[in-house]
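Naming follows writing order (A, B, C and D), and every chain is counted from residue 1.
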Amino acid sequence: MNDLQNFSADNRLSFASDYMEGAYPCILERLQQTNLLKTAGYGLDSFSESARSKIRECCAAPDADIFFLIGGTQTNAVIIDAFLRPWQGVIAPVSGHIAVHEAGAVEFGGHKVLALPQTDGKLSCEIIASCLSAWQEDENRNHMVMPGLVYLSQPTEFGTLYSRKELEHISRVCHDFGIPLYVDGARLAYALACPENDVTLPALAEFCDAFYIGGTKCGALFGEAVVIPKHNTLPHFFTIMKQHGALLAKGRIAGIQFDTLFSDGLYSKIGRIAIDSASRIRAALLEKGYCLAFPSPTNQLFPLLENRQAERLSEKVDMSFWERVDENHVIMRLATSWATRDDDVSHLISLL
Amino acid sequence: MNDLQNFSADNRLSFASDYMEGAYPCILERLQQTNLLKTAGYGLDSFSESARSKIRECCAAPDADIFFLIGGTQTNAVIIDAFLRPWQGVIAPVSGHIAVHEAGAVEFGGHKVLALPQTDGKLSCEIIASCLSAWQEDENRNHMVMPGLVYLSQPTEFGTLYSRKELEHISRVCHDFGIPLYVDGARLAYALACPENDVTLPALAEFCDAFYIGGTKCGALFGEAVVIPKHNTLPHFFTIMKQHGALLAKGRIAGIQFDTLFSDGLYSKIGRIAIDSASRIRAALLEKGYCLAFPSPTNQLFPLLENRQAERLSEKVDMSFWERVDENHVIMRLATSWATRDDDVSHLISLL
Amino acid sequence: MNDLQNFSADNRLSFASDYMEGAYPCILERLQQTNLLKTAGYGLDSFSESARSKIRECCAAPDADIFFLIGGTQTNAVIIDAFLRPWQGVIAPVSGHIAVHEAGAVEFGGHKVLALPQTDGKLSCEIIASCLSAWQEDENRNHMVMPGLVYLSQPTEFGTLYSRKELEHISRVCHDFGIPLYVDGARLAYALACPENDVTLPALAEFCDAFYIGGTKCGALFGEAVVIPKHNTLPHFFTIMKQHGALLAKGRIAGIQFDTLFSDGLYSKIGRIAIDSASRIRAALLEKGYCLAFPSPTNQLFPLLENRQAERLSEKVDMSFWERVDENHVIMRLATSWATRDDDVSHLISLL
Amino acid sequence: MNDLQNFSADNRLSFASDYMEGAYPCILERLQQTNLLKTAGYGLDSFSESARSKIRECCAAPDADIFFLIGGTQTNAVIIDAFLRPWQGVIAPVSGHIAVHEAGAVEFGGHKVLALPQTDGKLSCEIIASCLSAWQEDENRNHMVMPGLVYLSQPTEFGTLYSRKELEHISRVCHDFGIPLYVDGARLAYALACPENDVTLPALAEFCDAFYIGGTKCGALFGEAVVIPKHNTLPHFFTIMKQHGALLAKGRIAGIQFDTLFSDGLYSKIGRIAIDSASRIRAALLEKGYCLAFPSPTNQLFPLLENRQAERLSEKVDMSFWERVDENHVIMRLATSWATRDDDVSHLISLL
């Protein structure tokens, strides 16, 4: 115990991100209980199979192909590479994670990110439709990158949500143009648990050609569960994973985690804890007159702060720097998670 | 407990591979003890830093850059991509893992595997030298892939070992030609623990430009520790990892594991357990007149079996099918690990 | 002769582009005179060497490495790939050819085009500097694509020109940040011949780390001459060309063309013919009250036309459709070249 | 004329390769006749269309898609990339051009060359079948590169030929396994003109999924005509060409050349000239007791020479060094072409 203290963070409040701890405790317990059982590798084990069954059921997608990958950038790169042909690119909001913060992983796979204007981190179905029809009508389209996939995230980079209606419209536009739709769910638990949200797992399975259920930022040590509702949409996906270095030898380590996350409503519970904390903080921020830069109803809050406010808060609270607005103002990010303690929330509120 | 039995393997003896269990138990304990501590992400945490210090010390490489990646194929692809320029390829034995069993991950990064003839899974320094000088002397070399890295593994695919002298000679050849040397240590614990082995961690750090210390197959849940003895040999490696989807958000999960593996001699102990078991089995095989296809002194044994023998053994023992030799003979693989139980070894021997 | 008429365009005036004919006639004559001489392949012949000498002299760059490639997209892809490391991207104006009309050739090589806002097709040195310093100051820069090259074109996509001063400032910014500067000169002859232009070949050699002198659109059958002023800036460029399929077996076919283009002032003359024609047309357009969408002083003119005007002109004149502005207006492109006939110019003017 | 002499090769006999001159003279004449006609770019002109019609007719492939590319390495890379999915590789003889002398262009596109043992430069249908069934039966095939295309060349690197029967068998094997077959015809004219050859253009169109008719080494300035017998086998091929930098702006320059090559039997005539010369040299070599290293009936001859012989001949004759056999022997290559003069053949024979 003593030596652990060396690793312990100091006494500051930490709302810097939602991946600062290990895993939701019962996940570790499950790993321990199963530790010495022998299983096949590469996700062919019965834990992974069990996890897949549970996810299929939650998604009301009995024929879904489900694969467990390790992290978000990897998952995005593998799926995008699996969907696209070499001459195609992926449509994404200009603020999308793949467009900015994945170190060119999509381009490493040979594909262009076709970045479109966003509002609150979201693409509208009009903007997608207009990009797709502009390409179709362009006389020079054969000299251009063909849009081959639409990438969204739920929640977005700014914590905002697509409504069921919005997703349905985007899905219809995509399918009218013969383009698949893919949703990045790195923080999906926090969308699903949000009272404002009406996009359920079955809705995602209905409207998307693929999406992933985030584990890394939602209670797992690591891991993302790719759901491909229609069987064999992406043939040879296993080999594509291998080629991308995304295939776990001990696939069960991911399988056990998702089997646990989808037992006894854990994934929902994890989302709820974070959302409850975020809601308390949001209410306090608004009550005290802070502005929020984006209308995020999920676990990330983006207060617009005067420099002095930001400095004062930073003395006691770890936040993420988001963006400098002007000489006197910055946007900071506060994130909650399944591991956020009520006391810390109260303490934070007292400091606002 | 009850539901675990559903996942439990049946009553067969299992020597199919060395990654069928979870992690060496104290690794899970350590993950549990540290679970709720908050740390920075992406390997910038103090657990990872501690692990790096311990590895540097064990390697007698105080300036080494150390990075934690997730699996072997990924690690190979990232390192090879970081070393090579676009017009270069990597020399490897024709039996090398990157040449056969990584689904073209090296080629996905744009590089050719220059596969050279092997003996017992090993490249000789003569063969390497002759490939390098052939390229240098070829009038058409500007139309050919330039060798830009030598890839070996210790132990090899066939469980065999390079001696210190062999490695030193290869290293000298490489450096004479200005080509870096990289060693894949997916099963390095089992080499280090082997009485026949004289290639220590400091020797690897002395002779290689990069190598990795395998975790996945040597007691960790997952994870490989890349050691780059000379600081800044591979600038921007962090970003290259990110671009390859090889950067863990919760980098500490790998860091904690390696910190544990390199505390209290655990990595050595893990190797020893497997080697002791393998030695018992090898002695029994030889005593009973079995032929071994490769002179592996490590944790993988490759008995050459008549079909009938193979069938009989397979009724009770999980082995890996390795290769069909002729109509009547096959090579099978038996692998031990840190998790191999003495009773199972005895039971196996009784069945031979 | 008779059968040629089948291939002949009809009687319409054609100002659709600057690559509708073969080559400036004396280039074909030179190919014929030299046709049966035997030479080494791959650009190692004496014609290519002679062309290189002449270009070095014109550029006042005695140590320049010079390579002949086939077309613009290919040249851009090869140079960009040669300059960039895998984790880097290339800065370009959002309207740049590599950003829009090269079918993702840069991304095929694994690199992101970092598209920045343009004015009249140009990047300002402020915008470049702000992008470079934003990257440097971003805490997350290790998760992002690193800018590794600046791409401009002279003239730009909109026919506009950088001044010597602008180019010098951009060059200084690039070098302050340690980033090379590359200029695409697909239509360079038309810039060089333009009275408004003060960026000479020696200025390009002084300010750029690489640029290319366009042949395809400036009088050759095909071919672009890459100039790398500082010897060995891009080692192994020959092999990179080969790997990209950009190495001509009969390299002399490009060499002879550039040797001719750089003899007796032909490259200048070719530019002048096009510029003189464009100037007559521009003057007529302005006199007759047409608006020009971009202030292009080179061989491309972009009249903004009412739909009716566009339709009327299109009955007799081939133009390129450039862009729909609103329901009632379009931008069309008129291009002149070395092959534009005075009579056709007069005829066009009479139709305006 | 005077200055041409500076470029002229000296007085030596040159049999070093088949691409040392410009083009068959009437090709240049045709370029000159058509030079000032205006046409659409990118291969959409009527010359290219006419060439395509003639080729379709010669191949008895009325629905064939035909594209004109610039050189062999480029053509191979583009076709292979168009056929393969990311997880697939291309089967080729270990001596194949793509396996050795294309600077890793196939790997640059992300694909492995699966190099199989050759005999006289050829793959047998047994070897292909055994590679394909080995992959199918391998339990680890999902971790391996999947064979996705078979690459041959006619003639091979060693000048040898597949018979119609051999090609038919290979084609059947390929189609039984669902793998397309592609034939590199860089020197196809010299196969077609060979008395021993029974593989006609219609046979290639019948047995292959794609092949190319070489121009660069068979009388053109440059250019290769890709024939894809079944329409739309490779959708978006135009854009793939563009992305690879393989699309000529003035596509007609290739179109006119192939239109000429396929008028009045020129392609056959070009082949015949080279084959006649080679036959005379071969007969003389055999008569004088030389050994030929490969049984090439086409325009490349590979005498096995003692060092002294090689030195003596090299004093007066340019040959290509092919391979050192042992301390005392080398293999050299003599190549003839459409441009080989009878006098030079006689002179060479007198020197043997």
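Simple rule for what comes next: contacts are C-beta pairs under 8 Å (C-beta built on N, C-alpha and C of every residue); 3 or more make two chains touch, one makes a residue touch a chain.
Note that the structure is a prediction, hence the values are computed from the model and not measured.
Q: Which chain's mean C-alpha position is the greatest distance from subunit A's?
A: So the chain farthest away from subunit A turns out to be D.
Q: Count the C-beta contact pairs for B-C and for A-C, then tell me which is higher.
A: Ranking B-C and A-C by C-beta contacts puts A-C first.
Q: The A-D interface: which of C-D, B-C or A-B repeats it, judged by over half of the contact pairs being the same residue numbers?
A: Selected from C-D, B-C or A-B as the counterpart of A-D: B-C.
Q: Go ahead and note the Å separation of the Cα centroids belonging to subunit C and subunit D.
A: Each chain's C-alpha centroid was found; their separation is 32 Å.
Q: So how far apart, in whole Å, are subunit A and subunit C when each is placed at the average of its C-alpha atoms?
A: That pair's centroid distance is 42 Å.
Q: Can you compute the centre-to-centre distance for subunit B and subunit C, using the mean CA position of each chain? Integer Å is fine.
A: 51
Q: By residue number and range, which residues of subunit B touch two or more other chains?
A: Counting only residues that touch two or more other chains, subunit B contributes 86-87, 102-104, 108, 110, 142-144, 239, 242-243, 247.
Q: In their shared complex, at which residues does subunit D touch subunit B?
A: Contacts found on subunit D: 86-87, 89, 100-104, 107-108, 110-113, 139-140, 142-145, 321.
Q: Please give the residue numbers of subunit C that touch subunit B in the complex, ascending.
A: Per the touch definition, subunit C meets subunit B at residues 81, 85-87, 110, 142-144, 146, 236, 238-240, 242-243, 247.
Q: For the complex, which residues does subunit B have touching subunit A?
A: 1, 4, 6-9, 14, 17, 19-23, 25, 28, 31-41, 45-47, 50, 70-75, 77-78, 102-105, 108, 216-217, 221-222, 239, 242-250, 252-253, 339
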